[in-house]
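One structure is given below, encoded as structure tokens.
As written, the chain order gives the labels A, B, C, D and E, with residue 1 at the start of each chain.
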Amino acid sequence: MKLWALVSVLLVGLLLLWAEGDIPSFGDASAPSYNYVADRYITDAYNDTATKNMVTAILADYRGYDTLGELTVIFTAGVVVLLLLRRGGRL
Amino acid sequence: MDQTSVLPVLAICIPAVAAALILIFRNRPVIRESWTILASFATLACVLSMLPLVFSGTEPYAALFPILPGLSLSFRADAFALIFALTSSGLWVMNSFYSIGYMRAHHGENLARYFFCFAVAISAALGVAFSADLLTMFIFYEILTLSTYPLVVHAETEEARMAGRKYLAYLLTAGIFFLLSVLITYYLTGGTAFAAGGILTGHGSALLMTILFITFLIGFAKAAWIPLHSWLPSAMVAPTPVSALLHAVAVVKAGVFGIARVVFYVFGIDMVSALGLGLLLACIASFTIIVASMMALTQDNLKKRLAYSTVSQLSYILLGVALLTPSGIIAALIHIPFHAFMKITLFFAAGSIIVMTGIENISEMKGIGRRMPITMLMFAIGAIGVCGLPPVCGIITKWYLALGAIEAGQLVFLAVILTSSILNVLYFFPIISTAFFEKPDADTGIHEAPLFMLVPLTITGICSVLLFLFPDWPFLNLVTMAESVITGSVMP
Amino acid sequence: MIADHLPVLVVVLPLVGAVATLLAGWADRRLCFPIAMATTVIQFCISLVLLSQVMQTGPLHYNLGNWLPPWGIEYVIDQLNGFVLAVILFLCVLSCLYANRSILSEIDEKKIPAFYTVLLLLVTGVCGIAVTGDLFNLYVFLEISSLAAYALVAIGREKRALISSFTYLVMGSVSACFILLGIGHLYIVTGTLNMADLARVLPPLYGSTVVQTAFIFFIIGLSIKTALFPLHLWLPDAYRYSPSAVTVLLSTIVSKIGVYALIRILFSVFTPSFIIIDIPVMEVFCWLAAAAIIGGSVIAIAQTDLKRMLAYSSVSQMGYILLGIGIADSIAVTGGILHILNHAVMKGCLFMIAGAFIYTSGIRSIEDLRGIARTMPLTAAAFVIAAASMIGIPPTVGFMSKWFIALGALESGQWIFVLVILASSLLTAVYFWKVIEYMYFREPVPACGEAITSARDPPAGMLAPILVLAAACVLFGIFVSIPLEIIVPFVTGILGGT
Amino acid sequence: MIETLVPGLFLRYNYYMAIIIMLIGLYAMIAKGNLMKKIIGLNIFQTAIFLFYISSSDIIGGTAPILTTDPATVYVNPLPHVLILTAIVVAVSTTAVGLALAIRIYEAYGTIEEDELIALEAKE
Amino acid sequence: MKQDVVIRTVCRLVVPFIQLFALYVIIHGASSAGGGFQGGVIFASAFILIGIAFGVADARKRISEKCTVLFSACGLGIYAGIGILCIVFGGNFLGYSFLPLPLPVPEIRGLAAEAVEIGIGITVMAVMTSLFFDIAVDEEAV
């Protein structure tokens, strides 16, 4: 088991290291991730949603549906733990 | 000339519907069995009604919905198909009566399953006969395999189950090879519809064609050529009517019929002879004829001996196909019905003996001919026919086969045929002499089988003789029609 | 008006239904099943409407929150989605119906409301994955469905189920992490999460090691989800120890959605040219799928427990789908997608039957099923049909997909895979025929004689889905052109002509 | 590879740190027999991925993505933050379910060591 | 530990402030760091603190099992409800700008986002609390 773990971990590690060569460097303002979709969020978030906190604007509005999904995840977790652990009471 | 007609589909559907009805009335024996008989007559009538059409030169054709792009479930009742269809549907009528008699006398259980599977198997056999393309044939071929399995295992003994496993192992593996061949054919030609003269010409190298031919041959393991034969003797644990109809008529004939179809309608005579594949097939067939006959000699169990005889006789058909000459083709095709009539008579007789006396081994049948004269007389007729002696229809096959061998200039095969005839005599005549000329050990009060069994037996026996006297209608006519289409002397 | 919003309603409806079920369960447990049933039925109807819309007018786009795609989240429904959605919801309806009776004997009564709630949440997650056009959204819904699935596995009374569920959770989480890493890598080099947008932006970046790594992470992650051969270890136990209705859901819905996600990512995010030419991973992938087909079957032969045997058979059958996809030939992919439907129908039927045996007689072992066909004729007959379909006997559905995948392999010159597919049919026949022989051609063993003779066909609520699926095995086989009409345009769209 | 790695080591040290943590977590998940440690490993793995995302969003000289009055402010990329907020919740949920299962397993078997569980199962 | 007076007293004092701060974080998510998740978790931590200090059974009296389930469903309901409301008023799902409020569009969006955050906060609070209570082994019960 340990050996397998080591081998698979090393493989994943090598794969990741191999990939990191082409990644934009840390803090690079010219990175594509910064200049495409995110750019619009930064410039327009306040005009679109009157929300200063861009994270909130994206979270609750632009990508609000993700957040609904996320809420469903945590709701699911609640129900699941309830289902698994609650011993006495009614649901 | 094609004529769209519902008849081929109807012929396949009638047994299928009967199967459903049998299932519905599974707890009421009389109704259940009358459905079988009714359906067998209806099917025969349906097949017969196609005869005049075919003789007048039109071929009933039906293409149902497409199952795969470019591939419809399609049926064509040409002369070639009718030979097989007529044989199996005609003998089903006889067999239905015989089955009922046999099963009543044998106090069989699970009869609903038995009759259900029987009907499905007949439906599938007709499907194989009428299919107008490889895929349709494959579908029914597989259904035939599956539906006959419960019949083989009917007794539910350990021996029966082992036989069943062997049966499936051989035939499903063969099915895989068949499927592979169909796939390759479809891949090469973009279609699988049969056409006289072949569809594969010009699609692929000689090596590929040879491989394809061999996979096809393996695919048709139902033809029981050696070394793919051993499922057939094992399957003899099935009730005798099953052995009679399925393992002497429907299933094995589906195999040889398939090979004939593929050789004539997929590869085409020209290609097969150009690649020397005919010779290959002929060698396999000759080997099978001789070896199976010898194996038959060593069997003491009557049904097993008949089974090996079947193996040998099926290869007559293959040999005829492999000769690729007009007379060879006629011999091959005519042997499909002729062998069926003779062999079913033999099996019916064997079944009657088993039911009435419980004896399965030849060495115990001393003097049985005196107790059951009609049965053994019919047995003798069948045996004489298989040996190729007059006045039974078997000689017609041998005659054409010999002619074919001469036409092909392959006198070796003539020798094979003669040797095999001698072997046939060697393994059949001891049975007859034991039955008639040896004294029974004790008076055991054995008498003839009930009428339900005796009458079908007599009819098929007499038919075997009649087919010798009047071979033309319908079989020889159909065969010559099919032969002229295949060799291309008449365009369809 | 409603018609425009169907893409999102098909996901939100079960969510609302889940909440409603939970609250209704408080008042009366008997309310839960009707709510769940009604939800799935309505969803199924919606999916059919969507499918017909897609077939008539082409892909549907739905912008959530009225934000345009790369900025907001987009729902896209094309033929593939529509097809998968309809298949999944069809099975959902039947499983839900089946669960009503079968679950009563397998879980504590007071857990029933939670069971239906989690079931609907599972459906929410699965439908969300099916319709989304956004990678991260896919991840979120994948997690919803996974969490629900872990819980459903553990819901039964057997304590071994807990360990199975835990293993499933660990494997599932690793898979989710890999997918998240894949998304991260793609995002870092492209700056977008929208699938269509990614497909547009990615081609110039195909040489980048980041993109290739992302691709490999997606493949590994989704391979775990779909239990590709060496990564299948969670599957047999999870299937074996979960309640029957849950096994049906897992085998038909959860595994299929993983395959769908894989197809979507392979063909819609990355393009076929990338997966075929730029990166040789698919070669390995095909070999693994072939190993799954053979390995799954071989292990299945050795099983004595019916459900476990079916589970290994699933490993093998998923191999077919993945092989079809991996070959990336248009015919093979058609076959692979077709097998999503086919395998769902066949395996759903078989697991329902295994559940029915447990329900009526308590028998799990294959050897103890001797002679059960006499007392449960309809169930046994359905088993025969589904088994024949698994083996690939025409004219059942199983044959059709095998035909396409084998033909595709032939066309792309990969003979070895043709042989693998055909050989596996035989192996499949070996283990299914064993069961059939026991059911039909043997006397009951004394120890189980009582259980066998007193068994009856299950109540209508369980029998009906079984028979519907058995009929579907044959009908979709005969009328295979119906699903093909949906699949072929999609495949032609991404891979070019057929 | 070396040529790209060495300068990369300084340019992308954030990613390398994340990768190391990831591998530690992954190793714990696979190699450790204790179910609790597996869950901890899972958490480490997930957290490392969060780190990976978050550090990718950083911009030199950037500030938190909350609008300030100064128009010249450089903000870091807000999107990974949002994604990770979601992913954290997912991680929490997974952990909760995992813990619940571990508790149930402990109640049922009296142990959460994998090899002991296997031994117990084999005995039954 | 339950008998420790210092802890119990401090706890009693601190809890209202924690809750207040949680509400602040939720409400101010729009203009400063914070939001529904963060606030919800902080709010839940107040209950968790009570659970630690007074025992789970005691904490259960403050927020019952029924309450947590109801709250978690309620938060999800608020979120999904707003989404569906947008459909009713002619927008797409979660298309806040279609909500008929007498405000300019960005303001409506901001307001709706705020409402949604509250929904998130409620669910997160309820689920986190219930997760803790479920997983924590009640000393008295054992």
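List of remarks:
As a working rule, a residue touches a chain if its C-beta (ideal position, glycine included) is under 8 Å from a C-beta of that chain, and two chains touch if they have at least 3 such contacts.
Here the structure is a predicted model, which is why all the values come from computation and not from measurement.
Connectivity note: excluding chain C, the chains that remain group by touching as A, D, E | B. Considering the contact criterion stated above, the chains in touch with chain C and with chain E alike are A, D.
Chain centroids computed from C-alpha atoms place C closest to the centre of all protein C-alpha atoms shown.
Using the average of C-alpha coordinates as each chain's centre, B ends up farthest from chain E. Remark: chain B and chain C have CA centroids separated by 44 Å (rounded to whole angstrom). Centre to centre, using the average C-alpha position, chain A and chain E are separated by 21 Å. Rounded to whole angstrom, the centroid-to-centroid distance between chain B and chain D, based on C-alpha atoms, equals 69 Å.
Counting partner chains per residue, chain C shows two or more touched chains at residues 15, 19, 22, 26, 64-65, 136, 140, 143, 147, 150-151, 154, 181, 187-188. Contacts with at least two other chains are made by residues 26, 56, 66, 79-80, 83, 85-86, 89-90, 93-94, 96-97, 100-101, 103-104 of chain D. A list of each chain pair in contact follows: A-C, A-D, A-E, B-C, C-D, C-E, D-E.
Chain contact summary for the complex, chain E toward chain A: residues 29-36, 65, 68-69, 72-73, 75-76, 79-80, 83, 93-94, 96, 106-107, 109-110, 112-114, 116-117, 119-120, 123-124, 126-127, 130-131, 134-135.
By the touch criterion given at the top, residues 31-33, 35, 37, 124, 131, 134-135, 137 of chain E touch chain D in their complex. On chain D, the positions that touch chain A within their shared complex are 1, 4-5, 8, 11-16, 19, 22-23, 26-27, 30-31, 33, 55-62, 65-67, 74-75, 77-83, 85-86, 89-90, 92-94, 96-97, 100-101, 103-104.
Interface residues of chain C, counted against chain A in their complex, comprise 15, 18-19, 22, 25-26, 64-65, 67, 70-73, 110-111, 113-115, 117-118, 121, 124-125, 128, 134, 136-137, 140-141, 143-144, 147-148, 150-151, 154-155, 181, 185, 187-193, 208-210, 212-214, 216-217. In the complex of the two chains, the chain A residues touching chain C come out as 15-16, 18-24, 31-38, 40-41, 61-66, 69-70, 72-73, 75-77, 79-80, 82-84, 90-91.
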